[in-house]
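Okay, got some structures for you below.
Shared between the two complexes below is subunit A, which has subunit B as its partner in the first and subunit C in the second.
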Partner chain A sequence: MDLVLQLLFTGIGIGAVYALVALGFVLIFRATNVVNFAQGEFSMVAAFLMVVFAVDLEWPYWLSFLIAIGGMALLGALFNLGVYYPLRHRTYLPVIISTIGASIFLANSTLALYGPQPQVLSPVFETQGFLVGPVFLDSQYLLIIAVTAVLVAFQYWFFEHTLIGKKLQATSQDKEMAALLGIPVAGMIMLTFVYSAVLGGIAGILVAPVLFVSIQMGATIALKAFAATIIGGFGDVTGAIIGGLALGIIETFGAAYVSVPYKDAFAFIVLVAFLVLRPQGLFGERIAEKA
Partner chain B sequence: MRTTRRVFLGGAASAVIGGMAGPGVIRSACAQGAASTVRIGMVLPVTGPGADAGRFALNGAKLALEQVNKAGGVLGKPLEIVTEDDLTTNPGAVLAFSKLASQSDLVGFLGSIRSTQNHAMAPDILKTGKPVCFGGTDPVLTQMGNPWLFRFRPNDSYSARVIADFGVTTLAKKKWAIIHSTDAFGTSGAKALTEALGKAGATIALDQGYTNQSQDFTPVVLAIRQSGADVIGSYFTFENDLGIFARQLRQLGVTVPWVGSPSIVNVTALKLAGPSLFGTYGVADYAEESSDAARNFGKAYRAATKIAPDNQSSWTFDAVTVLALAINKAGKTDPQAIREALLAVRGHEGAEGTYNFDKNGDGLHGYNVVKNDKGNIVFDKRIDFYQG
Partner chain C sequence: MTGSPLPQAGVAAPASPAPRRLPVGSLIYAALSACAVFVAVSTPLNGYLLNILMQAATYAIAVIGLTVVLGLCGQINLAQAAFFGIGAYAVGLGTVDLGVNFWICLAAGLAAALVMGAFLGASTLRLGGHYLAMVTISFQQILTLVLVNWIPVTHGPDGVPRIQRPALFTDGQVYLGLCLAVLAVVAWVVWHMPRTRLGRAMRAVRDNELAAGVTGIDVYRTKVTAFAIGALLAGLGGGLFAGGFTYVSPDQFAFAESIVFLTMALLGGVGSPAGAVIGTGLLILIPEWLRFLKEIPGLYLAIYGLAVILIVVFMPEGIWGFLGDQVKRLRPRRPAPPRAGDLVLTQSAASAGPVLEVEALSKHFGGLKAVDEVSFTVTRGGIHALIGPNGSGKTTTLNVLSGLYKPTAGRVRLDGRDITHLPPHARAAAGLGRTFQNIRLFRSMSALENVVIGAERPGNEFAGADRATLQARARAALAFVGLEARAEEPVSAFSYGHQRLIEIARALAGNPSLLLLDEPAAGLNTSEKGALTGLLRRVAAKGVTILIIDHDMTLVSDVANHITVLNFGRRIADGVTATVLREPAVIEAYLGQDSAEPGAGRRDPGLRTDLHPA
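Up next, the complex of A and B:
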């Protein structure tokens, strides 16, 4: 039982990270109908910004966090202007290729500017965690789970109970109709990119003390988050959360009870199973219904 | 306007990506040009998860290059190194080696520190027919009949024997958990350790592989805890994996002694894992206090780079030094003559140890045992198996 509880806690902690990044995938997909393959790099860039300000310059953690998040908002806006906006009237394929190019560009730019060495970012809390009975609760994982819960609640309130949230939803459902109703579609998409970059950034900063800060960290997280998005249902916020948490738990238990080397395989076996048996995911709508 | 922006973005991207991954030529101050130099190729990770190791490898090679050229160069000409990025992948390594091998004036090469990449390049190395000095420690690499492979680090049959000997004899631990990467390096290391422990009369309570770039080791740590092992032996390929494992090991209350392969004392691992590695033991091919040659290399390396030396830089330092020595001994750049000169190297004091090449192409035959004393790597002893 102790083992199960420890694995469950770890699985939820990792799953929460996948869920945060998956949320960014979903928001951009809803707004633009394309997958942003640079979403993981948003996490990596934010983590490096934290290293620059909190570690290298030794500025206060909270100030570094605010600067990093501000930087991510700016990056999201520039990303929209440089990667999506020029191709907005094309089909989805050029945009996807453009985001892949941007992902490579961000990774290599960071490598060129900062160098290849992995970096250490201290956790927010000095204590590593504490024991509840036989289960060790890592303080950083607790923070990740708490922040994910808060962001999900915020997102629900924002999309369901604010005018701007409803405008964003209208834009994601039908851009032409939204424009006819006077909604500034370009502005809404810009806002989506900014928010997604911030979300990715928060995920990166939260996970950095656990996984270390490296050029590859974004790609590692994004691959799993992408799988979580498909499992949950592309375009569905609840699905991204459930998909992320489910993936974290499945791979942790799979590693413990079946095989550690095949840990990653469990996530992708589930992914393939969903693509074959339920391509719309847990909460996604059927394409025919959307049309 | 759109075209201009696209051209700008494309150009900027190309500049960054090209700048990072493109080939490079390393000359020391006295080198003048390709026509008047002797050139060797070097495959190294400039991008990907091994890029940090690539930087250290290049530092070591450059330091040796400076010293070789200061001492008169090779065959009276300055030595020059041409580099190619292997992307830290097997296909990348094969492509990088192919690019270098297509340059007919390159007289020898430095391969990878990663066994899996050397395995991937081995068929092309055989076809090219020129000496390749490498740092991968899978014993099989020098036992598969490829006459052009020369190892500049002791192989894992030695590291396994030293880990087993130290753990069983010195620490008096008999119930082992072996944790290893599932790549060629980790698998061969674990196999060699299992054999060595069997001969030493120890039992294997757990043999647990993991895939590189794992994000969580909780199941592995819990398995160690459940196995009842009283000591851990490990073969980690990447330092970030080692760092995550070390932290989770301590968090989940596992305090048994840990004797690791050389990555446990790498500069990057020490930085990432910090106090989680305090009190651990490692077998290290490079230990600064193990010999005068190691001390001299350490001093020169610190002066040149302002960072601590480790095996990632010491093996390339030795490889460039010994390759230059062999070419000078051969008196010509004929591949077969260089090969014979390398095989004839005896008693060369390098940073990694004393080089005595055997018929397979293994230059070193022992390891140092070191301890992590609150972040300082303290030399304990050297165990050498060379019998002349």
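Up next, the complex of A and C:
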């Protein structure tokens, strides 16, 4: 029982990271109708920026964090301009391929610049964590869960209670109509990419002390986050969060009770199971294309 | 509707039967391929060059697999290296650990790749392309995990050394000759694929899935088939690769290699096996010339990634597509071929039962009852109109009838047969043809090819399987709408009104027993509308029953002999045209009540509406 609680805590912690990246997926998907296959690389690049500034240059943690987040915002903007914007009038297939190209480019140029050695980023807090009853609450996991909760609350407030959030929603629902109402659609999409990159970046920085900072972390996280969005139902924000948490828990228990080397395979199995049995996800509703 | 074909071909014979053309191109190709194989076998090659050529030949086969799945069918596959690996490991493990004959191992590898491809495709292809992309990436990652970790079977990261080549092909250069010969055959087959029935179906699915479905193509099966063929070709390339290099290890089949395959296909041109060969050749040679790039890990893949973006943005058709465009521009247009025959359509017997019976049909979207227990019967022959103000449920009804939406309740019978639960392509096979309000043509094809796909409707008793009959029928259908002279032009070259006519010709070529027309007059100018009226009368005179939806009351009252009126999803009138149009309820629905309720939430009156929601 103690082990179960411990695993549950770890699962929720890692699931929160998947949920953050999944949120980035969902936001971009809603704004552009395209899945950004480089979403995981945002996390990877942010983690490497932290390694460069906080570890290599030994700058203060908070300053490195601000730089990394600023870097992600810039990357999101450049990504929109270089990868999505030129293809915005084409079908989804070229855009998918383009984001895959970007993913390969980001991962491998990081590899070329930094080398293949996995890096270590130390946790934010000095204290490792504390025991509550039989469960050891790791401070980094607590931080991940807290930050995720805050970001989700912020996002809810932002989309539902600010004008710019409403404009973003309008853009994602009907671009032509939004443009006719005077909403700067291109600007809204730009904002979506910037925000998603920042979100992915925060996820990467949060998870970096738990995992190694490596070139592969982007692809791994992206796959998990994608599975999370499928579980939750594509295009659904609540679904992405619950899907992320569910996947984190499934994966942690799978690794503990079934197999460690195949830990990363559980996401795939869950993914295919959902595709076959319940493709609309837990919360989503499939919308037929209009004839 | 699947009765035996009529004795005569059904299409008035073209002026003279075309003499069987000698396949000059294929003969020249065979001769050139034989030369290439001969040169590969006989010219002394050093080991380095031999390896490069071996890699290029086997990779090209896998890249041609992408031509099929991505180029022809428009479905992404990011696990081509995994399928390549399945073929390679089948040969490696089979010949080394089990001591089985090379050819049997190769066949087993092909079977494994085909089955895995079909399974992956079958589980995902009902959904959008994003799912397929992610599932193939996942599959790719899983396969790598298994190859690395399942050491007792796969030998783990060390890989499988000393793989056997088959007898007669143990010499490296002879084996290269074998790979080239296989490549030549694969390229020939895929080159001709677009003009086969399966190939046309794939291209139709790529261009417009909805339209493909209602012209009788089983969209899902076509996609799974394309995906499985792509996987099969990757397995074939991989099996030959294992024999060529006599050593395989997991890193040769990792995700990065799938990206390399994809880049090769995109660079050369994903639409043609020629592009696949060009792309493969270039991307194997260039890194060899730029070997220094490989000294920094990641650099050359980073360049690949960048190349993918640049190609997609600036050269979407790839090198081969770019060259092809230049050639097309230089080549003079061929003179118009001989005049088409008359379009033959099934004469409906007046005595036969109704064509379409709709019983208490409902379609609800959540709480909205878009169609609410609507019943009507379309009798054989003549033109039946379904009218109603905006939002009255007309198009929803049409979409339920053609199988794009599943009905919430009710029943639909076509020619007495219950089609309520059939998918769109099966309804097409049962005799239903349709057009769309917002035109849905296969945009990459010529007018003729569009109509040929219509003529291929399963169950069309007037179209034989051979190309000449199909083309003759398609030409006849185009001639019927007056566009035969421009048959070879791409559909994008036609005006909006003419595209609509092509869509009608596509439906007519399939000889439907019922033709559904969704607002055919929308967006047409007055003279085009006049022509449309004439065309609809000629179609009806040929004996095809038409169910038409339109806002244009002039058109409807001119052509329809029977009208069903919907309002707020319910049927409010049904009967002979003149009677229905005098019905007070109908007039009220269209014009609103006599100023009794000013501004009562009704929609804008529709009698003169040529305007309609886009």
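Throughout what follows, the second predicted complex is superposed on the first by the 276 of 291 C-alpha atoms of A that agree within 3 Å, B and C clash if a C-alpha of one lies under 4 Å from a C-alpha of the other, contacts with A are read in each partner's own complex, and residues count from 1 in each chain.
Convention: a residue touches a chain if its C-beta (ideal position, glycine included) is under 8 Å from a C-beta of that chain, and two chains touch if they have at least 3 such contacts.
Because the structure is predicted, anything quoted here is derived from the model rather than measured.
Bringing the complexes onto one copy of subunit A puts subunit B in a clash with subunit C. Annotation for subunit A, partner touching more residues between subunit B and subunit C: C. When the shared chain is aligned, subunit C comes close enough to touch A:F226, but subunit B does not. Of the two partner chains placed around the shared chain by superposition, subunit B and subunit C are both touched by A:G101.
Of the two partner chains, neither subunit B nor subunit C is touched by A:L180. Within the superposed three-chain model, A:I215 lies in touch with subunit B and with subunit C [touch as defined at top].
Applying the stated contact rule after C-alpha superposition, one finds that A:M1 touches neither subunit B nor subunit C.
Legend: residue contacts after superposition of the two complexes on their common chain; A:V35 is shown touching subunit C, with no touch to subunit B.
In the superposition on chain A, contact of A:A112 is made with both subunit B and subunit C. Of the two partner chains, subunit C is the only one touched by A:L93; subunit B is not. Of the two partner chains placed by the overlay, only subunit B lies in contact with A:F136; subunit C stays clear of it. It is stretch 150-158 of subunit C, out of 114-122, 132-140 or 150-158, that runs into subunit B when the two complexes are superposed. When the two complexes are superposed on chain A, the residues of subunit A that touch both subunit B and subunit C are 82, 86, 101, 104-105, 108-109, 111-112, 115-116, 215, 261, 264. Per the touch definition, subunit B reaches subunit A in the complex via residues 2, 5-6, 9, 12-13, 16-17, 19-21, 46-49, 51-52, 54-55, 182, 208-211, 213-216, 218-220, 222-223, 226, 239-240, 243-244, 247, 251-253, 268, 271-272, 274. Subunit C contributes residues 74, 76, 78, 123-124, 126-131, 133-135, 137-139, 141-142, 145, 149, 210, 255-256, 259, 262, 266, 296-302, 304-309, 312-313, 316, 395, 398-399, 402, 404-405, 436-437, 518 to its touches with subunit A in the complex. Chain contact summary for the complex, subunit A toward subunit C: residues 29, 34-35, 37, 82-83, 86-87, 90, 92-94, 96-98, 100-112, 115-116, 215, 219, 223, 226-227, 230, 234, 261-262, 264-265, 267-268, 271-272, 275-276, 279, 288-289, 291. Of all residues in subunit A, those touching subunit B in their complex are 3, 6-7, 10, 14, 82, 86, 101, 104-105, 108-109, 111-112, 115-118, 120, 128-129, 136, 138, 210-212, 214-216, 220-221, 252, 255-256, 260-261, 263-264.
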